[in-house]
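The same chain A turns up in both complexes below, where it pairs with chain B and then with chain C.
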Partner chain A sequence: MKTVMKTFAAGMLGVYALVNVTQPTYADDEGLTIQGPPKIAMLYISPRNDGGWTQAFDEARQKLEVQLGQKIQFVENVPESASAIRPVVERLIQRGSNIIIGTAFGYSDTFKDLAAKYPHVAFLNGSGTTNSKNLLSFYGRTYESQYLCGMAAGAVSKTGKLGFVAANPFGQVNWTINAYELGAQQINPKATVTVIYTGAWNDPIKERAATMALIDQGADVIGQHVDSPTPQIVAQERGVYGTGYHRDMREFAPKATVCSSVWVWDRFLAVELKKIMAGHWKPLPQGALLSMQQGGTDIACCSSAVPPADVTKIMAMRTELMEGKKQIYEGPMSDGKGVVQIPVGAVLPDDKLWKMEWFVKGVITQQ
Partner chain B sequence: MIISSALVFGLLISALILVAAGVSASDLFNEFVLYTLFDGQSLRAVLFQAAPLIVLGLAGALAFRARFWNLGLEGQMIWGAIAATAVSLFEIGPPSLRLVLMFIAAIIGGLMWALVPVLLKLHLKVNEIISTLMLNYIAVNFLLFLLYGSWKDPRDSFPYSPQFKSFERLPNIFDGVNLAIPIALVIALLVLWFTRISRAGLYLRFVDSSPGVAAAVGVPVQRVILLTVLFSGALAGLAGFMVSAGQEERLTHSFYLGYGFSGILIAFLARNQPIAATVVAVLVATLFVGGRSLQVYYQIPFSMVQLIQAILVICVASSDFFIRYRIRRIQSEA
Partner chain C sequence: MEIISSWVGNIPDLAVPFALAALGLIVTERAGVLALGAEGLMLVGALFGVGGYLLFDSTGIALLLAMLAASGVSILFAVMVLVLRINQVIAGLALVFFCQGLTALLGILFGWASHPVSGFEAWTLWPLSELPIVGRLFIQNPVVYLTPLIFFAVAIYLNHSMSGLKLRAVGENPQAADAAGIPVLTYRFAAILAGAALIGLAGAYISVLSTKMWIEDMTGGRGWIAVALVIFARWSPWRAFAGAILFGSIEALIPQLAAAGVRLPQYFVFMTPYVVTLAVMIWVALPKRDQNKPDQKNQPDALGEPFIREERR
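Up next, the complex of A and B:
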């Protein structure tokens, strides 16, 4: 009897823990209600017409202005250093802004400090890492849209050799590379992805050199997780295909780009900003890692180079992702060395996603 | 005198351009003078920004006085921050001494990175403009190698070092202003002593005016250059410590951006004078902070602030003419 009770208690504890894990909130929290009429301001890390990351935010801003019926202020070129971020945000707050949206990983620490100093101001930060009662960091599950782009790449490749120009080797880049390969395998099971890391988010010169090297090695589709459209432009120059990132890169390489992973921040921000304006806003303590369903990324697909049968497959998969029926990182999954990384029936938890340092079979990296 | 009138002239041209860009003169006065210098919060932001700029301006001024074109302030700053972070990461020394050790480590880090080009110049006559500039790239890439490699934060695998513990950060002297500003002022006095009073400073003046003559009269030219450049590197390293331990509170991948060249700019505008460098650094910080707000409220792009900097530099550079020549009106004899 005693052991039964113990097991029962342990079981209950387990359920309790599970509930706590799946629905964490800050204890005894009424949620945030901003003071005064809502006034939104955005901080951009680059110029608003950078062609990529920042421009995607600026396009979202214009849509949000229409949806929310108010002007949204923005400040361009705010570098990732405390001495630059602080005066901008403090002066915005001083003159009435009470919802501040950042767009850079490097704003994380300063936003955390400022959120503590100004508890009645709502802070949001794209690609940030810090969260609190009035600060929510958000990012997209880019592997979903890159998986679809991988499918498109697999569909247009004749050699089955795909190239990928990546920025820096860590979780949020590695997860797109694996997804790209997994997507390509859906169409062509023998497809491989060869990766070159440039070591920089935005370095057109290195991106050009890396793209040329990949094409010289026989790659006939170039995927990318860097900020500039250079890989697509080079692909077009060399007469091969490519898939873009951040925005629809047909703007820069109309013949080469067959699919692009694009940000759709307005879908997420419209919902979140309305929640903030309604009062009692409760940001998630672990931050918001947005699926396609929640308004993280989507695809701009497909160009006429993709065969219609494959377009149907890609769009069917997009619908599954949009409805939340498909998980990309679902077990069983092993890395290239045969080590099991995700057991049968499990989905890779977010903390392991952020730390992804393994690659599936078919990915060829420098390491 | 001529230089300050050149600066005033430059500021006037800049003001005219801003007025032409749609900011009214009274708004301009409000933004830069009232809201920036007479508002507690903004003044704190200016001082926060000014501290590393003062030290970097002094670092530039010192090296230029030795006729050594140290364009490697950024690289030396990065090594200073790396060395300070290493002390934090490997928990060297007891907590009570940790900050002091980080301070010393940063000085040594910057100094060592300046040692390479100065030895190359003195012994192999390698042009320091090239070598210091190139060493910046090595420093940046080594920084990224650490941050994306073994030094990344184990908590979330993001490319920055783990946050410094509270005793590893520069303490606040009052809300929003930390120890960086007093340190910068002490350094300014130290540099003033070095250049005006110390024996090395006397030698340095000889070297600055004419290295050949200085050597002929028995000044140890090589030693003076070595000492001065190492002092410059040490200060740049210290600036790295100020930004990492005083502002970012960890080692980040972009903390150094723009600082190195601001240091050179400040030294140039101040004509390598330590007191002037301190004043100009505060002016540049005001320009940065005020310029951000122009951007916020008048949609003036930040490149306008960079344009103003350029105008000031050109004005000071062309004032050289008035320093060397006197304009006289010559009346033709009738």
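Up next, the complex of A and C:
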């Protein structure tokens, strides 16, 4: 009988322990504390050597492994569909991962569901749009780094006509275009930016045709917000300059690329991961839109084509941005038609940034 | 004037892949094999073109390797549709998916992705290159000049050679061809391989000579447009050539208008190539043509039908 009681008691204890484990440990005021030793895993949307977006995450992963002193697992080529994401994440969690980092817009909804299903696991998602008590989406204020690239473009342009190859007319693309023009105006007040949207994030054929057309029309510096380095390669072929995106594109066009907007996710993730590990993690309900000061983006600048005086100006501006002293979208600011978009003394709020559909004077688009 | 001149100068780069892929499809389909796999074979050509260049440092060898690779993969398709007599539509679609996965995987395994290659230098055909407006048509890479010659050769072969007549006979009425002693399956097998080689060359043109690098899924649906082009051309090489120039012109015009600051609704511009494809299909479908005149015929009679000896139709 005693043994039966003992077994029963042990069983009850086991049930109790189980309940304890599965019970969400966050409360509204307490934040999330992950259970057990922290184990991080990343999901990549494309191969780790894709030369752009994912490779930047993989470089961050390697730095984080050193800084945090632990291995970080990763899974490559996870497509943006729930049926692909779920099994990967669930297997990682079963094997003990309790911090999951995604890298794609298309993971947003599935991550939200998974975060609700696994409330004791911390989720992070780069370029995602969903947030919850244990899910934080993050992205960079790419307009800051592209502003600096615009300055470099203005500095090396002889004609004052800059070209820009962009993917789709979305807010986060349009904000880089405006910033590029504003940056160029810092060096050359008469600079203009002519934009071609290709309608695709990664279509080297359209990017080549667009870059050729811009150069044919007199553009002598080509900026870009598309994934492939094609615009830089064409710029080098045609003997003009360019500014890159995602990573330092001097790798592809050492003569042409004068500056690149690059991702530095490790600077943000190192801080955020330590917060999660410390416990009582409370992700921002609106997600993290990272300024250069917070990590996320930076520049690889400048090539020797940029005059030293301008390099000094660019680096001084970079310092201001790094210290959080400079706002790019600060009033008063009007669009090309003269309509006031940001009143005096105001800074454009994030929701309006995401919906940006206006362009400053000097931007030439089909919109 | 300036904009027209640069527009015209950019057309060949965009038209040649359509033209070569459509020609490859015509060769295969004239033998009665429905080839929907162009998109996949173009990807194989594009990948192995870049791979060949990175391995052998020669553009010529790169293009040859691309053609061989596309032909090699098409053997799989040939076995499926000729030997196993699998439905040609399904086999063609399966080939596309297979090639998309295969090229993505091999591109990573071999480390060929995102590596720039240098391609051919442009050849300047002086004094034609000095002509106003069309001058830039004569500052192109050698394959552009070669393309009309390839078309000429294939058109002569199909219409004026004994072997070409036999190939078409196989596509029109394989039973009659068989009775006349033509080896039907051999002809179809050869047509699939030869067509695949041309489609592979089209893919390699994109990766080695135009964009000068390999990126996963880089053909972006151009193989499908080539399939539509063949229907538009009613399986005639020269009409396909004209159609390819039409599509190339549209693709080249869009960025030129944007660069010149012409205001057009963005999303309408994005869809123009597909609208034109649809319009062309409707135009082809509308008139009731006299199917007995060879010039008016819509498609090879035995297109898509497996050949089984002694089967009554």
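To be clear about the criterion, the second predicted complex is superposed on the first by the 339 of 367 C-alpha atoms of A that agree within 3 Å, B and C clash if a C-alpha of one lies under 4 Å from a C-alpha of the other, contacts with A are read in each partner's own complex, and residues count from 1 in each chain.
Note that in this section a contact is a pair of C-beta atoms (placed from the backbone, for glycine too) under 8 Å apart; a residue touches a chain by one contact, two chains touch by 3 or more.
Only a predicted model underlies this, so the values are computations on that prediction, with no experimental measurement involved.
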| item | value |
| --- | --- |
| Partner chain in contact with A:202 - chain B first, chain C second, else both or neither | second |
| First, second, both or neither for A:324, with chain B first and chain C second | neither |
| Partner chain(s) touched by A:343 [first = chain B, second = chain C, both, neither] | neither |
| First, second, both or neither for A:307, with chain B first and chain C second | neither |
| Touching partner for A:96 - first (chain B), second (chain C), both, neither | neither |
| Touching partner for A:84 - first (chain B), second (chain C), both, neither | first |
| Touching partner for A:228 - first (chain B), second (chain C), both, neither | second |
| First, second, both or neither for A:189, with chain B first and chain C second | neither |
| Touched partner set for A:49, first chain B, second chain C, both or neither | second |
| Chain B and chain C contact sites that coincide on chain A, given as residue numbers | 47, 77, 169, 199 |
| Complex contacts: residues of chain A adjacent to chain C | 46-47, 49-52, 77, 163, 169, 194-197, 199-200, 202-210, 212-214, 216-217, 219, 228-230, 233, 252, 364-367 |
| In the complex with chain B, residue positions of chain A that touch it | 41, 47, 73, 75-84, 86-88, 90-92, 94-95, 105-106, 109, 129, 168-171, 199, 354-355 |
| In the complex, chain C residues that touch chain A | 2-3, 6, 9-10, 13-14, 104, 108, 111, 113-114, 116, 206, 210-213, 215-216, 218-220, 222, 251-252, 254-267, 269-270 |
| Residue ranges of chain B touching chain A (in the complex, touch as defined) | 35, 41-42, 45, 48-49, 52, 141, 144, 148, 152, 156-159, 163, 243, 247-250, 252-255, 257-258, 288-289, 292-293, 295-297, 301-303 |
